[in-house]
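Some structures are shown below for you to check.
Okay, so chain A shows up in both of these, paired with chain B first and chain C after.
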Partner chain A sequence: MEDIVQHLTPLLKEVSGYIFPNEIELHWGLLIVLYPYLTGLVAGAFILASLVKVFNVKELQPTYRMSLLTALAFLIVAPLPLLGHLGHPEKSYEIFLTPNTSSAMAMFGFVYAWYLMAVLLLEIWFDYRKDLIMWSRKEKGLMKWIHKLLSLFSSDVSEKAIRFDKKSVRVITIIGIPSAFLLHGYVGFIFGSVKANPFWSSVLMPIVFLFSAIVSGIALVLLIYMIVTPMRRKPIDMLCLNKLASYLFYVMIIDFSLETLDFIHRVYESEESIHIISELVSGKLFVSLVVIQVLIGMLIPLGSIAAAKIFKLPDELKKLIYFVAAILVQMGIFSTRWNVVIGGQLFSKSFRGLTTYKMTFFGLEGFLVSFIILIMPIVILYILFKLLPPWDEARQQVT
Partner chain B sequence: MISYWKKIPEQAKRLVVLAAILLAVFLVVRPQLVPPDFGELGHFRASALQDIVAQPIRYAGHEVCTDCHEEVAEKKGNSYHRNVACEVCHGPAAVHIEEEETDMLRIPRGRDFCIVCHEYLSSRPTGFPQIVSESHNPMKSCITCHNPHDPTPPEKPKDCAGCHASIARSKMVSHHVYVPCVRCHDAPDEHFTNPRMYHPTKPTKREFCGGCHASDDPSVAGIPQVDIDSHGERYVCWQCHYPHLP
Partner chain C sequence: MNILKILNFTNQSQKRRSFVKMFLLSVAAIAIPGRSGSQEKPKKKSGWLLADGYDATEHLWGMGVNINDCIGCGRCVAACKEENNVPRLPFFFRTWVERYEIEANGRVSVSSPNGGYDSFKPELSDKQTIRSFFVPKLCNHCDNPPCVQVCPVGATFKTVDGVILVDSDYCIGCRYCIQACPYGARFLHPVTRTAEKCTFCYHRITKGMSPACVENCPTQARIFGELKKGASPLVRFKRMHNINVLKPNLNTEPKVYYANLDMEVS
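And now, the complex of A and B:
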């Protein structure tokens, strides 16, 4: 009891206006900010990969496998913030044993499992199968057996089998696009369906989430491509990079339009919550929403990529612009998640007051844990790159 | 069937076998892991109810306190804290009633505890005693002046803002800043000690505001004046003007 009192007393000083007693402390903290951010990166990276296979964007071929592995690395980590937040991660498998169809949150397990098992792993498996077999034939020791095991001891590299692989990859990608939409649309759905919260409750929410996810996913793969390629002492494929930047630009335009539409719609609708929301946006969320999300994370990258496209800039300068733009986009999208999750809880249900969010450093909901979770996919991605090199020169010819 | 199986590509067979193994494992493991009484009463384990019932009881309930602490209970029963249960401040007492010698309850003596309810917050109802702890005797513990079992202030509040802080704050930034509360409200002396029983008066007629704001009133220059007969004739003034921030 005294702990709670000591914890709440300093928060009380930050409260303004009229709030209900149980609204001083936010229920969803930094971990829940991470969750839509991470799933967004997964969905975005996958959609990028699907551009190659379904829409035949040949220029993006160098990033195809990289996108798939990125999606996988982030997907493995995506549920961790949820498990950390809920507590008792050892019980998490129970949602699969006794499915509760009336709870959207409980059904996430199935959305996740479907996406992981039926889409991502399958697509990666079919795409890598031939290479896994060829690698295992050449290798010795542990790697040989790892690759053998990963290929499920498959050995057929006949032309017919490889044709079947390619066809399967295409079919899975086609199934994968709506699945990726489902995965991240679901996250937006969870927020959009909270009808008691006017900041969240909007049918546009899943769509806005989805497009911001694609933005963040493309920007992430662009960053990884630009960091990993020089580290491997290989030249960056400018055709590929320009194409990535173009897609990033187009999707950002759509995302920005949707967010603007949502904004105009709210202002025009002027429901009773509009006063407190405008107080929130012009006050406590000004820096994270107006400055970071809109200006730094959206307008500046949009403007700089546009400038790089319009003016015939030298490649080196273009690279710099794309790189900086992609970092800013990541900041912007993280901020978007922050503004939705934290911002949506900062105002009272009385619509008359604002509370505050105080991040801790240690503890399960603290900064440190979130930082570790954010680093984990990068470590996993490094291991995946070692196990399943996505580089074009690693592709094997059947001998 | 066998001929059909032969037509399936090699790699697909491996996936089918893997999927079949996973499915078989799931089907075998599931009945072992799902509690047998799951779903009997709803989407939960029916015996969870017994588990919850079997949890140790921590709170004793305020009636038990009265048995031993009759004097305190009587004092509290007649005070403003009559609806605040003993365990709100003193913590769970179930163990204490069994082992009253060894398990002593806590007595909050710091300032942090009282202000959980009594710090000024505009969401609290008008008239609920609230202080701004930073300026209200900041170096003293609350219990030096207030007995928590009968927390009536030792002396009556010096001004209305002691309880009506929200109104005082509005008035402070309004044109009525120099109008004293008693100009419009007649507060009986008893209101200061028993505010819920004795209410101050409130103006009931338009003419009351007209005392300063009617155009035929020889008031101080600068006070906005209107023709009280024609200005919003069917309404009382405070339907449009909030008197504390007009």
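And now, the complex of A and C:
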């Protein structure tokens, strides 16, 4: 009780206009910003991998397995921020036992479980099965057993079995794309369906979430590819990189158009809430929305990727531009999530005033925990890369 | 009368149970062994202290508020905090009172210092106030409640007598209901870490008493009662005044009815 008094009392002074007395406490903090950010990366990385498979994009082959493992690493961490923000994490299993079927949030567990078990793990398993068997045949000691275990002790590498693997991967990919859409579109629905909040309530929300997810996923895989390849002392495949950048560019155009549409629609309809929302956007959200999300996270990367393509810049310069653009895009998408989650709570439902969010450093909802949660997938990814090397050479070795 | 039936739990929990069974069978990996006992929780429910002989199916509760009668003394706010153990802090309210001041130039200023708990000091500025009034607020016990719709575990529910309650044994503290309530009627209790809001003093009304705020209002600005019974004071109140509800455009169908509500109030 003491700490809540200490946390909330100074906020009383930060309020401008009138907010309902219960609204001083901001209910969804940094952890809930992380949640759509993380699931977005999962969905985006997976959709990238699926594009490679379904449309058979040869250039992107080097990133296929990398994207799958990235999706897995981030998916493992995705529920943590959700759990952490609950008042009673120990009761969270109730969501599985007595889900309220009319609640979008109750579906989280099921969508998550479906995606993890039925899509991602299966696809990775079928894709790696042959390699796992071949690796375990050659290896000794611990690794041998890990790979044997991961292959679930299957040993059939006959042509028929391999064909079956390939077919399974295709089928799962085809189921996987709508599943990935579901995973993230549904996160958008959690916000988009709250009619009490005009900043959130929009049918476009799931779609905007989805496309921004694909943007962030592609940018992330691009970053990982550009960092990991030189670390392995391998040359960066420019064909692959150019293709990634093109995809990133196209999806960003769609994302940007959707967001602009949403913006125009709001201004044009000019509903009751427009005054308070414009006060918010031109005031407390100006830096994170206009400057970081739109300018730094969207327009500058779009412009620089376009320039790199149009002016046929030398490869080294292109690499630099892509790399910086991808980092800016990550910043942009993170602030997109921030602006939705935090921004949407900064104005009162009386539409008469604004409040403030004060981030703490320590504590479950604090900066430190969120930072650790953001680092975790990278550590997991490192381990996954060790256990299941996604590189082409690893694959070729055995055949 | 069976408590389960009163709280409308039976149907839902049966539905849930078969759903759970299916789910546990199909995705055994997520099942947490030995936890299915929580299904039985509603059966043991005794926390609502229903008086013997109270038949929920015979009631439908609502409240009327006459803006013209409210003097902003804040007695209801204090009584509510006392009755329901609401933290005595300016951030948590089951009911609160707002003051509206409408100036000659059309400017509207709204305030609710400490939720009106300490009543209101007269405004000493040189504002040219042409109209001023007080609006008591509370959970509207919406007939179409968004908070119930979004609760992932069904901890927030609607009773057959029309009251919206939170089962704190079930509430996981996700705060989705707080986001979904358009009226700012909910908060997270800092100690129990579960969602809370006005219950119409359910423990009192099921014993035939009226809610604490109604009991303590010196001007009878709040009228509590039956919506279904023709002879009830609330039905009469609704007949005698021009009635409005808050944010009618959201289709939440509130059961708190305001007489003489100004268009500025939202």
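Simple rule for what comes next: the second predicted complex is superposed on the first by the 378 of 399 C-alpha atoms of A that agree within 3 Å, B and C clash if a C-alpha of one lies under 4 Å from a C-alpha of the other, contacts with A are read in each partner's own complex, and residues count from 1 in each chain.
Everything that follows uses one rule, which is that contacts are C-beta pairs under 8 Å (C-beta built on N, C-alpha and C of every residue); 3 or more make two chains touch, one makes a residue touch a chain.
Quick caveat, the model's predicted, so the values are computed rather than measured.
Chemist: With the two structures laid over each other on chain A, which partner does A:Ser154 touch: chain B (first), chain C (second), both, or neither?
Modeler: In the superposed model, A:Ser154 contacts chain B only, not chain C.
Chemist: Check whether A:Asn100 is in contact with chain B, with chain C, with both or with neither, and answer first, second, both or neither.
Modeler: both
Chemist: Applying the touch criterion given at the start, work out whether A:Arg129 contacts chain B, chain C, both or neither, answering first, second, both or neither.
Modeler: first
Chemist: What is the contact status of A:Val15 with respect to chain B (first) and chain C (second): first, second, both, or neither?
Modeler: The first partner, chain B, only.
Chemist: Among the partners chain B and chain C, which is in contact with a greater number of residues of chain A?
Modeler: Counting contacted residues of chain A, the larger count belongs to C.
Chemist: After superposition on the shared chain, which partner residues are touched by A:Asp165: those of chain B (first), chain C (second), both, or neither?
Modeler: first
Chemist: For A:His27 in the superposed arrangement: first (chain B), second (chain C), both or neither?
Modeler: A:His27: touches chain C, not chain B.
Chemist: Thinking of the overlay built on chain A, is A:Gln6 touched by chain B (first), by chain C (second), by both, or by neither?
Modeler: first
Chemist: Figure out whether A:Ile300 sits in contact with chain B (first) or chain C (second), or with both, or with neither.
Modeler: A:Ile300 sits against neither chain B nor chain C.
Chemist: Where on chain A do chain B and chain C both make contact?
Modeler: Overlap of chain B and chain C footprints on chain A: residues 1, 5, 8, 12, 18-21, 93-94, 97-98, 100, 102, 348, 350, 352.
Chemist: Can you check the complex and tell me which residues of chain A touch chain C?
Modeler: 1, 4-5, 8, 12, 18-25, 27-28, 85-89, 91-106, 108-110, 113, 117, 190, 193-197, 345, 348-352
Chemist: Could you list, by residue number, the parts of chain C that touch chain A in their complex?
Modeler: Those residues of chain C that touch chain A are 13, 16, 19-20, 23, 27, 29-32, 35-36, 38-39, 87, 89-93, 96, 98, 109-112, 114-115, 137, 146, 148-154, 170-176, 178-188, 190-194, 250, 266.
Chemist: In their shared complex, at which residues does chain B touch chain A?
Modeler: Per the touch definition, chain B meets chain A at residues 9-12, 14-15, 18, 30, 33-34, 38-39, 43, 91, 106, 108, 112-113, 115-116, 119, 121-123.
Chemist: If you look only at chain A, which of its residues touch chain B in the complex?
Modeler: 1-2, 5-6, 8-9, 12, 15, 17-21, 93-94, 97-98, 100, 102, 122, 125-126, 129, 152-156, 160-161, 164-165, 168, 348, 350, 352-353
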